[in-house]
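Here come two complexes built around chain A, the first alongside chain B, the second alongside chain C.
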Partner chain A sequence: MDTNSITTQTVNFKVFRFNSDVDYLPYYDNYTMEVTSEEVVLDILNRIKWDIDGSFSYRRSCRHGICGACAIKVNGRSTLACKERMNDMIDIFGTQLTFEPLSINRAVKDMIIDKADFWEKHNNVEPYLVSDIEENPKAEHLILPHDAEKLLEADLCIQCGSCHYACPVVEINDDFFGPAAFAAAYRFEADVRDEAGKSRLENLHSQKQGVWDCVKCFECAEVCPKEINPIDKITKLHQMLFKEGVATSNVATRHAVGFKRSIAKNGVLDEGGLVLYSEGLSIVKHVPVALRMFSKGKIVPPWAIVKSKNLDEIKKLVKSSSTAKF
Partner chain B sequence: MEKLRYALFTGCTAKQSTPEQLASTYAVAKKLNIELVELEEASCCGASHLQDYDDFLSLVLNARNIAYAEKHGLTMVTICNTCQLNTAMTKHRLDNDADLKNKINEKLKEVGLEYKGTSNIIHFLYAIIDDIGLEKIASMVKVPLSQFNIAPFYGCHNIRPSELQNESHKTPENSYRPTSLDNLIIACGGTAVDYEEKNKCCGFHVELQAPKTASILTGNAIAGAMDGNADWMVTPCPLCHLKLDTQTKHSSDAIGREVSLPVLHMQQMLGLALGCPQDELGLKHHLVKVNFI
Partner chain C sequence: MSIPIYTYDAIIVGAGLAGCAAARELQNVGKKVAVITKLHPLRSHSGAAQGGVNAAFSDEDSVELHEFDTVKGSDYLADQDAVEFLCKNAPETIRWAERMGAAFSRTPDGKIAQRPFGGQSSPRACFAKDRTGLTLLQTIYEQALRTGVKFWDEWYVADLIYKDAKASGVIAFNIRDMKVAIFNAKSVMFATGGYARCFKINSNAHANTGDGLSIVARHGLPLEDMEFVQFHPSGLSGNGVLISEAARGEGGRLINSDGDRFMTKYAPNAMELASRDVVSRAILNEIREGRGVGPRKDAVFIDLTHLGRDLIMQRLPELRDLAITFLGLDMIKEPILISATAHYSMGGIPVNIAGNVRKNNNEFIEGFYAAGECSCVSVHGANRLGANSVLEALLFGRYVGKTMVEEIDDIELRVACEDDAKTALAELDWILSNNGDEIIANLREELQQCMTANAGAFRTKETLDIAVAKVKELRTRYQDVRIKDKSKIFNTELQEAIEFGHMLDYSAFIVESAVARNESRGAHFREDFNTRDDENFLKHTMAYMDKNGEISLNYMDVILGKHELKARTY
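Moving on to the complex of A and B:
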């Protein structure tokens, strides 16, 4: 290695400290360290423990981005410590870095959190192959490449929790399964050997816990250290719910279908019509805000909507290109 | 300054619930010597919901919108984050999958159109930063916003997924520490407020199915800006704007704290700084009164 290319920078670390056995409240310790361009975040965690404070606690095991144990938050960003280079962290956030556990609310000791909610939600989606497998098969069960490809990247998940604890809905709604559980659900739904079919999907269709509560913020896609793109799998689960006939009529499914109806009619969206179609009678709860919006010229009545030019093209395409049967 | 020409994909919101955004886009374009060719043929982009139900149709419709920009031989400029995401995502998928592109073009052929992949798709915010430049914009400022602390609210669909977003513009944006809107505030003479929620989600897309989640996210965003001593907020996304401007009561109830700040579209902020006549900026359409001018 060319040692001349290694550079060093002084970095100030603000590190979350908490021992649930003795501390009433968490606090932060500050460390100033020389960081070389070769180091990853885990190296810094190790140096804090080995050189400064032996009581500093964090999870680690493989050091190769496989076990998923060492995920923490650096300046609020979920980070797999053994994979993330310090240089990249400094590029994004500068030389004042804050290390915190993935979830401060679930902190047990320093970087270690109680991940029970993560595992519980994971278990709820039946993250395993549901299949009557012959105990003594006569031949190998072959999976053809194009069938294996259907899993996309979903089987690469190392359950590090980076996406789960980056998801704003998980933070607010205790019932929400979260992106990692959804990616796992997709992985088995997409498996040609799996026979769970509708039973797993029905669980994902329930409101509050299921895929319809996803806010589509793409935080999960952004943080995943294995580039699994969980929101892409959530989208695919949405499509499966419709395709398999699991998606019953509710405000979320009508909202998705409502776009097609509106486009088929106007090309553009009829905003008021969409809300009415999605909500049904529940639209009354929107009346107070709608009246205020109307008084400020923010609501266009259906008859005044300027439809797309060449609307006949759109109507033709909606007819010929629709793949959904719902 | 050389005249810039873009194909404008207005999206649906700018023509219905945020008319002030369309008005201020044109007002600012005039000042910046930009000619906007409105794509009147465009349909709704599906707003990140249609593809959950009918992915293929969503691609066909977005490809058709892009095909019209290509016919003009112009870059497509969007003024809504979600339009930007859906349209750019369609372009990315078609440009990287020849089979899919062929299938889509078979459909478009029925109406005499073709998707080629020749037009870039870029949000107005990044278009003016790339093509005019922040320094030039700063030099055109007539009314510096120097007395204001302004909280930027980026909106998810203009910064994530960053790999896709950074394909469309030259100015690299890091979703964890975005700078474009901060820099535009500074170019307008204002002080940019740094706060934790500036790159977070407003909850718009679950407003109907999960109103509590949506209200808490909006409430947290406004509260973060208020705690950062912001006088007002600014956003490039009309959907974020709707959430922040029209849902203050639900948001206050959800987080147990009165939250409310005037929220401007980025075009309105720029319009004020460039000295556009105020009646062209549509400030009267806001629910939270714009009380500082």
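Moving on to the complex of A and C:
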């Protein structure tokens, strides 16, 4: 809406319906509505419930993007219903819009999903300041703005689950904590008041559940309605794991260290060497692919690597910045 | 049917700041405590508080000034002993929240930063950018979780077990599957939040349906000062979503369609930072007199462009985002459209400073406590000062938790039985099976429209009589309600029907209390009695509802103190 006019347009909605109490399979209902330029996605959900079908169900509370209850998917993309302008949805997807729950596999009723896995994972990363709380303090901790900013807005996460249910690893690995839980873990690890020591980090380092299983697809950063950028926090946690000496040698951490070793050795990346370092003897399984890539000129064999001209300087930089122990 | 009975030492209803703070106190000393919430705790409306939380700890400020501002802001209806308690304990409470992890904004030397707010003698609102409530809610929930508090989320409390001046638990159902359970305990606390949802234009969450108040009132217990509903000056045009007072605290200017900074007429000294009731009426008056702006001419401008991009991004980023989302206007580049919005409930369940719920002016209920917006201590009187609500919820939540710890060992558990659930079960059964032709969404729309039009920031006997009649009419029509959804899983239509019943009940308290208060005080402004009348109305309303929904009114003395009655100007 600008200051003078409110516009309307006709939109067709295809809406996921399922009541696990009575329905064997989900189905879709179609609604056509006049949508005004003032409306957000939640307004449409409300109008379906209040004007058309009272049984239609979804979670919502604050209606201005701070409680995190109303995340759904519009045309397959996670969104916070109360913060998503209908005009923007129409600009992106046109006037045929599909509303679905964040995770169809977990649908319980219409837009409502069972989020037990989300909360369980959230609770498993020690999502609180670990500190002996002074119950009657006479003064606050002094925290310089520079230190306060280290949270990098991770404290703005509203646990809406948009990133969690957009994450491809969460979909295939039941143990994986997921981007929201990592952002929560980072929020406390970055807090100068936190005294958790290594316990939270060790948990985050564990295979299958931990940060090393992130595939760096950036989907979490893409969908976050609060622009928290979870993958940035995951990367920070990777660095913390090395810095605090929690990272132990495994295929994922060696993959990270392999980059450093290659750069320290040649000043440029030796992809074959990187795979050899991270996977060791298992590299044999990659030989057929490597040969084909070599034949097409996609990779350079280790003996043909041209070292960087400023290698001495690069070595100094790597030495001064790396905290890897292996 | 057999109903499970869960036994705890203490049951807390509501998981916002007050509920979580109390739960942590109880759990910390090893009491078995359950917190029941119809949402997930982190969805509680405390998290929506934006601008700040008051504590007088800067060198230029004092606890006494904080008290004075609060009492003056309240239009002298606040109980001064309670205000003293609030202001005295504010600095420690804020620092305690900081020690628990709250992510406050900081001064260059690392202290908690403070900003000016309306009606304050000194910059006193501690803040975390413009999401102060969010960091406090997260912090207190996290620390309650850490101590091992058991949270029952997405459970709806339908009734209080109350008889013989003693509370001993609640009846609740699991929203996921409608299974009913009895929660039996020595002590029960209500921390269920506010009631502004009965107005069409309001800043509140969908969840703020005043359930706790109506559940209490249905047991014949009083509600205090219900006529006092705060209309916040800056709700976004059209939907009432809040733009924090921080926008004015940081320097926002209010402008009408003539381009005039109209607060010069209404509060020449404090200007935009006059008390909320004063600024809201000024805005609505400008609109009424034809100087509104926007597509419906139902708003005024707030201009923040002179603050510059850096300050807005540093201190008001969420507010900017809200105006872009709902109005398509970027406050860095252009003024945005605001108007008054029903925001905060000064009235509520009457309690003393310790949090004990009153049975009447002189007697208290054993094992029953309340804190936060659902309660009326009263620290806000007729009008709450900005940045005092979050403080009240956190501080009284915590101290009422301490009261519960002190009293709990002297309370004998009254063992619950299935019969205690019969009212709640009958209500559920009635809504599921009733076969009329009224639809909840329509009835609610009529109530909200009527309340905003007739019981809003400007009231007269005439308009309030219309509202009284409308509430009665809707009460009758509610008997003919029919819901479509008869299923057991997340029956949100059934939940909305119960919530609407609660809205109807407490709305009757608002309008009946308002029509009897023939004066103007704080947020209650009667155009037919436009001055404060201390001789007749320096007293709290204590209203009761009988089984037929009829309201009867009584009054209770205000506790005065060192801050003497004065005319209130800004």
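Following the convention adopted for this analysis, the second predicted complex is superposed on the first by the 274 of 326 C-alpha atoms of A that agree within 3 Å, B and C clash if a C-alpha of one lies under 4 Å from a C-alpha of the other, contacts with A are read in each partner's own complex, and residues count from 1 in each chain.
Going forward, a residue touches a chain if its C-beta (ideal position, glycine included) is under 8 Å from a C-beta of that chain, and two chains touch if they have at least 3 such contacts.
Everything quoted here is computed from the prediction, not taken from an experiment.
Engineer: If you stack the two complexes on chain A, which partner ends up touching A:90: first (chain B), second (chain C), both, or neither?
Structural biologist: neither
Engineer: Thinking of the overlay built on chain A, is A:278 touched by chain B (first), by chain C (second), by both, or by neither?
Structural biologist: Touch partner of A:278: chain B, not chain C.
Engineer: Under the stated touch criterion, which partner chain does A:152 make contact with: chain B (first), chain C (second), both, or neither?
Structural biologist: A:152: touches no partner chain.
Engineer: If we overlay the two complexes on their shared chain A, which of chain B and chain C does A:219 touch? Say first, second, both or neither.
Structural biologist: In the superposition, A:219 contacts chain B only.
Engineer: Looking at A:49 after the superposition, I want to know if it touches chain B, chain C, both of them or none. Which is it: first, second, both, neither?
Structural biologist: second
Engineer: Determine, under the contact definition given at the top, whether A:242 touches first (chain B), second (chain C), both, or neither.
Structural biologist: A:242 contacts chain B only, not chain C.
Engineer: Can you check the complex and tell me which residues of chain C touch chain A?
Structural biologist: Where chain C meets chain A, its residues are 39-40, 42-45, 47-48, 92, 94-96, 98-101, 103-112, 128, 131, 134-135, 138-139, 142-143, 145-146, 176, 205-207, 238-239, 241-242, 293-295, 318, 321-322, 325-329, 334, 337, 439-441, 445, 483-485, 487-493, 496.
Engineer: In their complex, what parts of chain A are in touch with chain C?
Structural biologist: The touching residues are 1-6, 19-22, 37-38, 40, 49-51, 53-55, 57-58, 60-69, 83, 85, 87, 108-109, 112, 119, 123, 127-129, 131, 133-145, 148, 151, 155-156, 158-159, 188, 191, 193-194.
Engineer: Which of the residues in chain A come into contact with chain B in the complex?
Structural biologist: 75-77, 92-93, 168-169, 172-173, 207-208, 212-219, 221-222, 229, 235, 238-239, 242, 250-253, 255-257, 259-260, 262-263, 267-269, 271, 275, 278-279, 289, 292-293, 296-300, 305-306, 308-310, 313-314, 316-318, 320-324, 326
Engineer: What residues on chain B touch chain A, complex-wise?
Structural biologist: These residues of chain B touch chain A: 12-13, 15-19, 40-44, 46-57, 60-61, 64, 107-108, 110-111, 113, 156-157, 160-162, 174-177, 196, 200-201, 203, 205-206, 208-210, 212-214, 216-217, 246-247, 249-250, 284-287.
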